[in-house]
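Look for subunit A in each of the two complexes below; its partner is subunit B in the first and subunit C in the second.
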Partner chain A sequence: MRRSSSRSVRFGSIIASAAAALLAFSACSAPAPAQQGFDSWDQVTAAAKGQTVRLWMYGGDEQGNAYVDKTLIPGAATLGVTLQRVPVADTKDALNRVLTEIQAGTRDGNVDLVWVNGDNFGTGKQAGAWSCGWTSLLPNMVLTNPTDPLLANDFGTPVQGCEAPWNKAQFTIAYNSATVSEPPHTLAGLLDWAQKHPGRFTYPAPPDFTGSVFTREVLDSVSGGYKNVPLRFDQKTFDRITPALYGRLKELAPSLWRQGKTYPKTSAELNALYAGGQVDFTMTYGPAELTKLVAHGTYPAATKVLTLTEGTVGNASFLAIPATSGHQAGAMVVANLALSPQQQAAKADPRVWGQYTVLDTARLDAAQRALFEKLPQSPVVPSYDVLSHNANPELSAAWVPALDDAWRRLVLAGR
Partner chain B sequence: MALTLPPDSRTPLSWPVQPGNGLRASHGIARTLRILLAMALALWFALPLVPLALWAFADRWSFPAVLPQAWGWDGVRTALAQGAVPAFGHSLLLGLLVSAVATPLGVLAARALAYHRVPYAPVVNVLLFAPLALPAFVAALGLNVLLLRLQVPPFAGVVLLLSVYALPYTSYTMRVAYGAHDLAIEEEARLLGASPWQVTWRVQLPLLAPALARAAFLAFLVGWSDYVITVLVGGGTIVTVPVLVASAAAGTGNDATVALLSAAALLPPLVLLLGLGLFGRRPTGGRP
Partner chain C sequence: MAPPASVGGRSWLPGTLMAAPAVLIAAFVVVGGMATALAQSLGLFPLVGPPSLTVAAYAAQAGDLPVGIGLSLAIAAASTVVACLVGFTAALVIVQGRWCGKLVAALGTLTIPVPHIVGAASVSLLLADSGLLSRLFNTGGSWPELVGGPWWIGVVAEYGWKESAFVALVVTGTLATRAVSYDETATLLGAGRLRRLRHILIPLSLPTLTISATIVFVYSLGSYEVAWLLGRVYPEPLPVMALRLFNAATLTARPEAAAVAIVTTILSFGAVATALTYLNRSPLWR
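Moving on to the complex of A and B:
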């Protein structure tokens, strides 16, 4: 057996030298991400020809996937760009991949475009994950309103040309009109309704995204309107205005589903409770999906959207190009295509996806406006004008962990 | 010939009753209990699959209906539209490649530990098991930086990392097999004039075949079921079945698609397992 043991020694020395080589490699400092230096749109379209662009997006929305596959990808192909959709369970997966690419100093990364907003965008921007200052090159950006607060700030993070707008969404509460005969018209009225009908209402436990939005809505409501809640976070204001919020939620808890002893962990769980008729309300930041869920019988046929007189918070979602992408021009061409009136109108069709447009109708010509006017109305979801009436801006991201944390201490554990 | 076959090659993978062995046969109440237990176990494994099978072909199934209200092919259509066919191809390829890399490595490690004096053998043992203790997410995030700097192609990186995760299973399975393997048989073959090559191919390999098949199967499962490493290290270059299932399961109203994909994802391992059962029970001795 001596022969084989000497072989194993040799093998061991190979491993050791390989490990040393690896260490030497990883010790090299990462090169800075590539900068794109385009002066005109023509340069971009010329550079984009023949590029393959990987669009990473949350893959849980079948209509969204189908829209990209059947409408956006063929559209990109006519411009000479091969678009590929990469489905992920969570946008964070895409961001994590980009962050490892940044750390490695990759210039030809595998993520060219990400459907993103909120904290994923903010975290990425802090880490220098996004290419910035490119959206002003997109010809279709002139069709959006530059002063629109939803497009200028993404959950309190200034957009600064680091992402191109794609969709608008409005926080929406839906109810079963077959069981709720007299729907409330304010959020305070909704909480009162829940107390009068024990066990028929609940909300996802923060830090679930949707549950977290709901607590912010209640904060606006108990503070006498969103204008009384400053968008910027500071501890003094937090201490002053949140006791009313948590007092109200604690008071409400015994009337919730299962006496508020437990909460749905995710918005998907709340949706399942609503689909099963165990509660009469559900809530979502993506009202686009309601039409399909009712048509497919997942949700009760009598599902309607609750319009609140004080309005709800709205947001926009964007397409961002990672700084590590090697196909920046191709990604910009796709982002511009996604902003075109034709694509935005196709995407707004409730039979296709039902996502609200980010374009400003006042800036469209008659033919472009006609594209939107001939869209059928969803039988469930009202038009964006109705839904976004009195739309409230999102609080800055710093509010979110503070509110979520206090909810866990005071409402969940404080019983 | 008075050969002592290792028990490993004769013991079937999972079959409680050995025909023709009087000592193991049970009678009366014991036998009834045994059958009942086997049935209960079968039920225990089959029950979770029932809603899966129902959902896969349910176009509409709203609470509180006990059975789907409308049957159809919506789940199939959506799954195909989401790219189920290429995803299955990618998953199969990944599983087979991981198996092809991790199984020989496991054999080498196990053989060295079983028959040779390995320096610091306990440490090597722990190292071989270490991947099990390291969350895949951490490994993917940390090692991807290294793989990117070394310009390792994404797909090769996925196979490499998943093979490391499969190594504990293959090396352990093979370690057990070598523990039960009688070297005297190999020596006897050598005495009878077989070359080392012949001993490996005609004696060792047939005796270890069931264990090899088991190790390869476990390694296949590692490649077949991974999400995190495929997404983070693969960088979207390959979309596998778990990637499709995870992203579809993250949404609402995709129950039929998720059920269909999950049920379909059970089939290849199940077929392999059945093949393994047959392979593992094939008599390995007695050939002229």
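Moving on to the complex of A and C:
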């Protein structure tokens, strides 16, 4: 008796609070992206004074963190903007935060600026997560080349002023030249090497960013070059050209680390395997980190960059302002500062971060160009011109989840 | 859990009223969260497009769900068995009260505040291929696949270690307050150690053990960080799968993540209901 009546009381309160919760949630349908309302750069700088801008960025790159903390944040402070760095394990966390804020109808969100590109940018744009049309206001945008394909399209998604360029990157494979006596010169050669040396090669499991780009490199390779892979995604092409990719990867799997029954979950895990000498190759989209890792002894001293004759995939990464940010002016001031020749040159220094510049050197004056010419060369990583030789374009963002899902289904689950 | 049965029909009302503020706050968070997850899994809160009632999110993961359910239940069951066996043994040692009992109690108390994610990182540093033990014994590649291996040993070891301390301390509380007098009486009547264990210690601690086992089971069923850090990429336990889908850069994946979370919740409720049914039948519980 006692038990059943207390149960009904509890049940009643559950119903009541569930109804309250549903009411609360149904009240907030997706809001329209915040309006800009700025006509000139002077209005932006005036509005930015005293604002606090939270920059959400991948926190696993210590040099990147140090650059932002020691160079970009003091630079923003001189412009009256307080910049705070929010480290995230994956840029998807920042996008998810913005999407949640959009669902909740927030207009003064926690994310003011995101270091982003690729499918995260594309997904966010589709969901209306980004402020758009603001980059033309930035004075430093004239120093970039508007026809540069890497800056006009982000993994096939037109940028359309929804994000300001920040870095250029080149997918890079590194190897230990002490253990790999005859390094391959093509990606096909690398896969053959892996089959001849069982257990000494692996790649991070997509959807890890690096593992994902590796599978796209293999797709280019098995298709006979990137020119045979259309950048725009369509299901028919996917069905036609990907069996060769997954066939090759399945054939390769038994020769991988742990017989390909499992894979490193993240590129950090692959890097740890490489640092521990368990595999002979690692790969990264940020070759800048290699210099310091070798200098510190984390990576073998004989680490070298593998240059592939067919080239590797290159891309650019950007700073985007979420539509839910309440400090859009401050975020625009920071994005403009990050594009300045001084900041871009400081960032390109391999001792600082070593991220390649997005500026077009032809558009710089002599003093600005001198900033870049002064930079020291890395003993491990070749210059951007060498690395980006024959650079392949990134496939459109729609390819990425499709390739990752099929990899999961066919290569990972298939064993 | 119900308070000790009281005599008379009126006494439940003040008790319920006094608990109401806490219950309401907890219910708002828990029920509100679950209602949102349920609505999202049924397509009522899409990120893009109009809301429509559909089970597409459940159907989309129909291939991976059974494997995930089986794996999650297996990991939770193995962890619970290890935690209960180790924890109960530790509780017996602690109740003996000699120096080794105090040592075990101290170790157990020290284990409790360590966060699971720190525990998982420590297990990884200790047991992984390039971990401390592998280097200490200089195995040169012949180290068993404890972390990220096919049997999820690292995961079960972490849960077993952390949760056995929890089980030990809870069971010790019961044994110390309820069992000591019976134990002494039985000793005076000439019962040996094994008979006291079988007829007094195990039956008296069984309800407590059942409750703590349920908590351990539900916890290891629903938490993701240990399985994510120490597990392998495929197959995935349900919480890891839910997190991967939640973080996927595909707008349709969020309802699927919610669907996986709802399945996990149903399994947890099932485990709790089974345990409560069992307890309600047990004469010692009343």
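Simple rule for what comes next: the second predicted complex is superposed on the first by the 377 of 415 C-alpha atoms of A that agree within 3 Å, B and C clash if a C-alpha of one lies under 4 Å from a C-alpha of the other, contacts with A are read in each partner's own complex, and residues count from 1 in each chain.
Quick note on the criterion: a residue touches a chain if its C-beta (ideal position, glycine included) is under 8 Å from a C-beta of that chain, and two chains touch if they have at least 3 such contacts.
Quantities reported herein were computed from a predicted structural model and do not represent experimental measurements.
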item: First, second, both or neither for A:A205, with subunit B first and subunit C second; value: second
item: Which of subunit B and subunit C A:A178 touches, first, second, both or neither; value: neither
item: Which superposed partner A:G276 touches (first subunit B, second subunit C, both, neither); value: both
item: Touching partner for A:A302 - first (subunit B), second (subunit C), both, neither; value: neither
item: Which superposed partner A:N96 touches (first subunit B, second subunit C, both, neither); value: both
item: Partner chain in contact with A:L412 - subunit B first, subunit C second, else both or neither; value: second
item: Which superposed partner A:A370 touches (first subunit B, second subunit C, both, neither); value: neither
item: Shared contact residues on subunit A - subunit B and subunit C; value: 1, 5, 22, 25, 30, 90, 93, 96, 99, 103, 272, 276, 278
item: Of all residues in subunit A, those that touch subunit C in their complex; value: 1-3, 5-6, 9-10, 13-14, 17-18, 20-22, 24-25, 30, 90, 92-93, 95-96, 99, 102-103, 119-120, 122-123, 126-127, 205, 207, 258, 261-263, 265, 272-273, 276, 278, 400-401, 408, 412-413
item: List of subunit A residues in touch with subunit B within their complex; value: 1, 4-5, 8, 22, 25-26, 28, 30, 54, 56, 58-62, 65-66, 69, 84, 86-90, 93, 96-97, 99-101, 103-106, 109-111, 267-268, 271-272, 275-278, 289, 292-293, 296-298, 300
item: Footprint of subunit A on subunit C - complex, ascending; value: 2, 5-6, 9, 12, 16, 20, 23-24, 27-28, 31-32, 35-36, 39, 45, 47-48, 129-130, 145, 148, 150, 228, 232-235, 244, 246-251, 254
item: Subunit B to subunit A touching residues, read off their complex; value: 59-60, 62-64, 69-70, 78, 81-82, 112, 115-118, 141, 144-146, 148-150, 154, 227, 231-232, 235-237, 239, 243-244, 246-254, 257
